[in-house]
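Letters A, B, C, D and E mark the chains as written, and numbering starts fresh at 1 in each.
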Amino acid sequence: MLAILKNRHVRDTGFQAGFVGALVILIVALVVTGKANLEAQGLTSGFGFLERSTGWRISFSLIDYTTSSPYWLALVVGLLNSLFLGAVSLSFATLIGVTVGVMRTSGNGMAELVGTTFVEIFRNVPLILQLLFWYSLLLSLPAPREVEPVLGVFAFTGRGIYIPGLNITGLSAFLIVVSLIAGASVNLWLSTAERFKTVSVAVRRKWKICLWLGVAIVVFAITWWGRLPETPFFTIPEHRGLNYRNGIRVSPELFACIIAISIYGAAYIAEIIRSGFNAISPGQGEAGHALGLSRWQIFTRIRLPLAIRIVMPTLINQYVWLFKATTIGIAISFTDFFMVVSTAINQSGQTLELIAILMGGFLVINYSIAWVLNRVNDAIKLKGTQMRI
Amino acid sequence: MPISIFGAIRKKYFATPTDIVVSSILAVLVLWLLANVIDWAFVKAVFGAGRRDDCLAAEGACWSVIASRWRIVLFGLYPFEEQWRSGVACLIMVIVAALSCVPYFWNGKRLLGLWLSGFAVFYVLMRGGFLGLTPVFEQNWGGLALTLFIFAAVCILGMPMAIVFALLRRSELPWISRTMGLIIDTIRSLPLLTIMFTFAIVSPFVLPDWAVGDKLYRVIVGYAIFFACYQAEIIRGGIQGLPAGQEEAAKALGMGYWHRIGYIVLPQAFRNALPPTINQIVITFKETSLVTIIGFFDVMASGRAASGTAEWSFAHVEVYCFVALIFFVFVFSLSRYGAYLERRLGVGRR
Amino acid sequence: QEQGGRLKTVLDRGSLLCSGHNGSFLGFAEVDDQGKWKGLDIELCHALAAGLFGTSEGHLEIVPISWAQRWPALQSGDIDVVIKVSGWTQSRDTELNLQFSRPYFIGAFQAMTKTELGVKSIAELDGGTICVAAGTSTELAAATYLQSKSIKVELLTFENGDELRNAYYDGRCDAYIEWAPSLAAARLDAPDGAEAHVILPDVIDLEAEGIVVPEGDPKWLDVQNWMLSSLWFAEANGITSENVDEIRANPPSATIEKFLGVTPGYGARLGLSDDWAYNMIKEVGNFAEIYDRSLGDSSPYGLPRGINALYSNGGVFYPLIVD
Amino acid sequence: MTEHAILIRNMNKYYGSFHALKNIDLEVKRGERIVICGPSGSGKSTLIRCINRLEEHQSGDIEVMGTMLDENVDHIDEIRREAGMVFQNFNLFPHMTILENCILAPMLVRKIDRVEAEKTAMEYLARVKIPEQASKYPGELSGGQQQRVAIARALCMKPELMLFDEPTSALDPEMISEVLDVMVGLAEDGMTMVCVTHEMGFARQVADRVVFMADGQVIEQAEPETFFENPQNERTKTFLSQVLGH
Amino acid sequence: MTEHAILIRNMNKYYGSFHALKNIDLEVKRGERIVICGPSGSGKSTLIRCINRLEEHQSGDIEVMGTMLDENVDHIDEIRREAGMVFQNFNLFPHMTILENCILAPMLVRKIDRVEAEKTAMEYLARVKIPEQASKYPGELSGGQQQRVAIARALCMKPELMLFDEPTSALDPEMISEVLDVMVGLAEDGMTMVCVTHEMGFARQVADRVVFMADGQVIEQAEPETFFENPQNERTKTFLSQVLGH
């Protein structure tokens, strides 16, 4: 008997069974207690409430939503808002981050100073504070009545930023962005995938032209289909009464979220980009110089592509992390997924179900982001064993 | 070949025509920003306690609100007469943090002892109920002290968890490592806010009554688990950086699993993982500010309470600046220290 | 939880866990210069604790809590009672398994706008923007009202009271819908002076704010109701924290004698000590005093009682019969 | 007490589907000194690592100092205590001083108290001729010194048997001899030794038997004289001509 | 059109306060093949890198193909177009295929259209004997192949002059000869070459002149015969005895 206990295989099996078993028991126990507690309080469990109408408003929505819409639609609205905010602010964060990262490695003392200051300030103050700060700043812009539009088309008011825009539904705008991203991905795939290696560049170029023609048609179709009825297709903001009319209004909540997350994210991305540039051996640039390439050509053709390849794995983690940071929008009532769930819990009392939906949503989104970006990374990463660059 | 100061400046800032343009534009931008900020924060600002009416008239910052209500920002709801305790407690935490930057404390036992004793003193002082100190319950803690308390508790609780998670994650037994991997990946892809929210709101429903505890401690546990999942991956990275021969040599000497882990693997893994660990701790401190959203009176919330009264409700930007400064001081010094360590370790690496 | 559980739990624990705020809510829960809670809701917490334990000193814990968390926190036992300006709505009452006490404050939803706009009624705000607090009954009421009157405005929601007010001051919206007390407070507090703002007469809706306890705990609810009633009873009978000792020494009537615990019965039926009302009045005073300190003339807000006065002064509140 | 230090019977080892050791039979008597040689990839390291269970074998028996190497964890511990091992890459613990490296296992595994352990350690460090380095860290020593510390560390556990896996192959030529000297001294003191090495001079000088491996099999075993002068197998001859040709 | 490919007069180069090149005078005629050698740290790389302004010199004149190397950016561009360079570490762009590496600069700098550039590239790749690798990435090639690609890449710019900085020193012995073969072929075609190398066989075979440097100075210049058989300077003798001794 004792000998059996001393047997390594028996032990290993025992440990594993014990660990997994304990975990399963824990989960079951939690669920059972949860059920019992909720029943004791007379709360009905289940997902039936998703069909009930909510009765509350959502101030920013990409799709049609009214107070009589059901809960599931509210959740979809929140999810789309989160994705929208994430997509926009991560794009800006990347743009700013790369710029600042480049500034910090540019060799220009002034640019380095500004870049460093930027990073140190915005990385060392909590995001929530920055968000509240930008929000107060935006709110303190003057009221629409007092604002003259910049260049005749952009109005920066305390009530939002007005920009010229197409009169299309939010959903179709979202779909357009999605199709553009999809087009870009296919493009990348065409130029990097192993299986197209044998196809000549000229043929591939033709394919790409077809691809972008297709994307253009799709985009156009979506735009047309998503027109708002009885409005001109293209409008610019103009004064009317107390407010600006026409054009697209970006609410201060959304705008503050975008600024805060973009800048906070940019500070982190800048650091990553900087380390990427520093990891490139100077020989690469020298080889470019020796071939007579200009500074700009060396930057765009050699150093930037290399830096991006080096930092891609780190960037992926950073993107997932930044996307999670969008939940901060709740602090100024941007109706993202978390805010909608939180309001729904407050209004419906279906705590457990909604939390499950919340977590499920984020798991799906984040795993998807990581999956897509990892595919991108696989597509562009340096080929071969020699990793010295 | 001597180089003049002007030459150096020229080389650094105005080497090429492009550099000249970039530098000049940036310089103008920086000066303009700086001028505005100074104008607002100093030239046109109102200083000194209780000058609300001057503030309303002034164009610049109203530092008067800080002068009048700084104690609320720092100490929150802590009883007024007892606030010295809160202050001393904060100071102790800062000292503990500073001491752990001294290489003398860089081993598991000393570091653990330092933090545990520092934390214990902090808690006892804050909580009171002995030596004639009136008891003050957690609900009345607030401001910086609460932020520091949550932060320290998360680190102290999370670090051992992280070690356990990391060891389970790289266990040779496939089911254990896979299950742990799944748990870690899942928690890592959830936002911290949702984790805190869940532990604050949901856990009372699914836990038996005796295990529920105060909301503060539930949130700390939730945050600690979140922290542990990130830190576990960092530690795992540190362990993977070790040459395989280290563990084999220990095995060949007849050392058992715990001895190998405790004496050979972990000490080296921590050394490898020091820079990312400090980075993680910095992030943890910053993100402690999220607890305000789930209803705690931390330094963010107490900041808002400071301007949340009839008298001062116009002066929120100033209070935000003050809170930002507090965070900046802490976070900046920590991250600078981390950068210094990284350089130091980088130089010493063989 | 078994019957009467929460009262017993609280008494056994020896302290009351009452809802606070993560930040502040003007007039109802604020922090003074010394870091002490004050405001109408907080005073009621004090009254309740004093009634339960003789004094609130050492027996009251104000637990900071956000709006979104008050129901879960109540259900999970993090707090014993929600006194956090919560409107009595049907869905809350039924679906959320909450039970409301009789209202202790009536807030009329009204809109405030800038005088210079020259707007006379909400209908004239058509095309403008209105700020409102998120996820509260205010938002719902405003939306319903605007819908029914076919007024097309944009509703902007804010989670936080400070944010909301500042949004309005900063011109973020043309009008600001809130219940009247907050509006009045905000108006008095406006950076450009009270005169620059006007509260439109349209009453969008009324909201009755009650104390909230979990459903199925009648004894605990009874305590809440009788606490409120006692505060009004004292006001109606001119009993204040100043003169309560005097009156107790020589009670003018048998009812008051009973009320103040000179003769037994008033407390025992609720499971409290008989002098609980006395303790309460002694500590926080009658409802008028509480109101006066928090929102009325002794506060910076100077908000008139209006509808919140006793029936005898044109309000809607009245004490129940003490027998 | 058996007379065999190591007894391997019909042992097979696979890495996945790769058959790394094929039907190995090997006997090592107490006090015997064995040198194992053979071309790269022939399974020498694998064999020696199977003996103290750094690798697991799939079939056949291994008995070390009379203890059967089976799934019983106590047996594994027992064998590891009795067999000291020295690696090609030294594998000293870089975060501990030389002395700490040497006393760690005796204290933890043999439960010897610190003073005693330090005494032993200093003895063995003196024996490998570097007592003066005791308080340095491994990173501050040369390769040859590090390898000598590794030998001392193994000796501190007072093993009955020492296993060496190419102890000199990571060393610069001038350091090889100082390590070999130590090993020769050890052999002269009668320690049972199994040593994988390409140092044929060492084999000639101290080995009681040379074992030649190729392709995961033991091809030939013989006393050094016979082995070097008169190898039987073709493979052995080619190998020897290569190694000695250098 | 001057007859000099390179003309360096009294050139000095400092790294901070360190005087790396001291009063260098050097003339290279068109079609001449120069080998520069000297001990490590003597400034060979620095000299060759000054010629195409990868390093800036502080005083003295450098004239390449009749163009003065001064602060005028057009002159620098001109010189870089005319001088191809091959580095010790190949420095191929790892994110581009071999072909893309070769056509990048001709397309961007010489504005040659893609089809034309690819044709030229394939010619030169054929000349360095790896046309079949055109669509692979540098990481997929051996070191010798990479260095040959680097030579082809430089040739694609049709330079008048080639600079080599120890092109074989990062290579394994068996790859050195394949690179040297390509260089010999280039020399035979009459390309002007300046080559830093320690391959004395190569120097003997193709060099018109050998330049010996030490301590940032040119110590001795001579035809290979004279240089190897009859060195004048003491330093040269020591150096040669070391290099040839191996």
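Note that in this section contacts are C-beta pairs under 8 Å (C-beta built on N, C-alpha and C of every residue); 3 or more make two chains touch, one makes a residue touch a chain.
What you see is a predicted model; the values in this text were computed from it and never measured.
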Check every other chain and keep only those touching both subunit C and subunit D; list them. A, B
Stepping chain to touching chain, what's the minimum from subunit B to subunit C? 1
Angle of the rotation mapping subunit D onto its copy subunit E, from a C-alpha fit, rounded to a multiple of 5 degrees, please. 175
B-D or A-B, whichever has more C-beta pairs in contact: A-B
Quick one: which chain's Cα centre is the longest way from subunit D's? C
Determine, using the mean of C-alpha atoms as each chain's centre, which chain is farthest from subunit E. C
Centroid of subunit A to centroid of subunit E, CA atoms only: how many Å? 49
So what's the Cα centroid distance for subunit A and subunit D, whole Å? 57
Averaging C-alpha coordinates per chain, one finds the centres of subunit D and subunit E separated by a number of Å equal to 51
If a residue has to touch 2 or more other chains to count, which residues of subunit E qualify? none
Note: subunit A residues in touch with at least two other chains are 136, 330-331, 342, 345, 351
Could you list the positions in subunit B whose residues touch two or more of the other chains? 201-202, 204-205, 292-293, 316
Subunit C partner contacts - residues on subunit A that touch it in the complex: 40-43, 55-57, 59, 67, 135-136, 139-144, 157-159, 240-243, 245, 251-253, 330-333, 335, 339, 342-343, 345-349, 351
In the complex, subunit E touches subunit A at residues 49, 52-54, 77, 80-81, 83-85, 87, 89, 91-95, 104-105, 108-109, 114, 135-141, 146, 150, 153-154, 157, 163
Per the touch rule, the subunit A residues reaching subunit B in their complex are 12, 15-16, 19-20, 23, 30-31, 33-34, 37-38, 106-111, 114, 120-121, 123-130, 132-133, 136-137, 295, 320, 324-325, 327-328, 330-331, 338, 342, 345, 351-352, 355, 358-359, 362-363, 366-367, 370
The subunit B residues in contact with subunit D across the complex are 243, 245-246, 248-256, 259, 263-264, 267-268, 271, 350
Touch list for subunit C against partner subunit B, complex: 17, 20-27, 30-37, 61-66, 68-69, 72-73, 75-78, 160-162, 165-166, 169, 185, 188-189, 191, 299-301
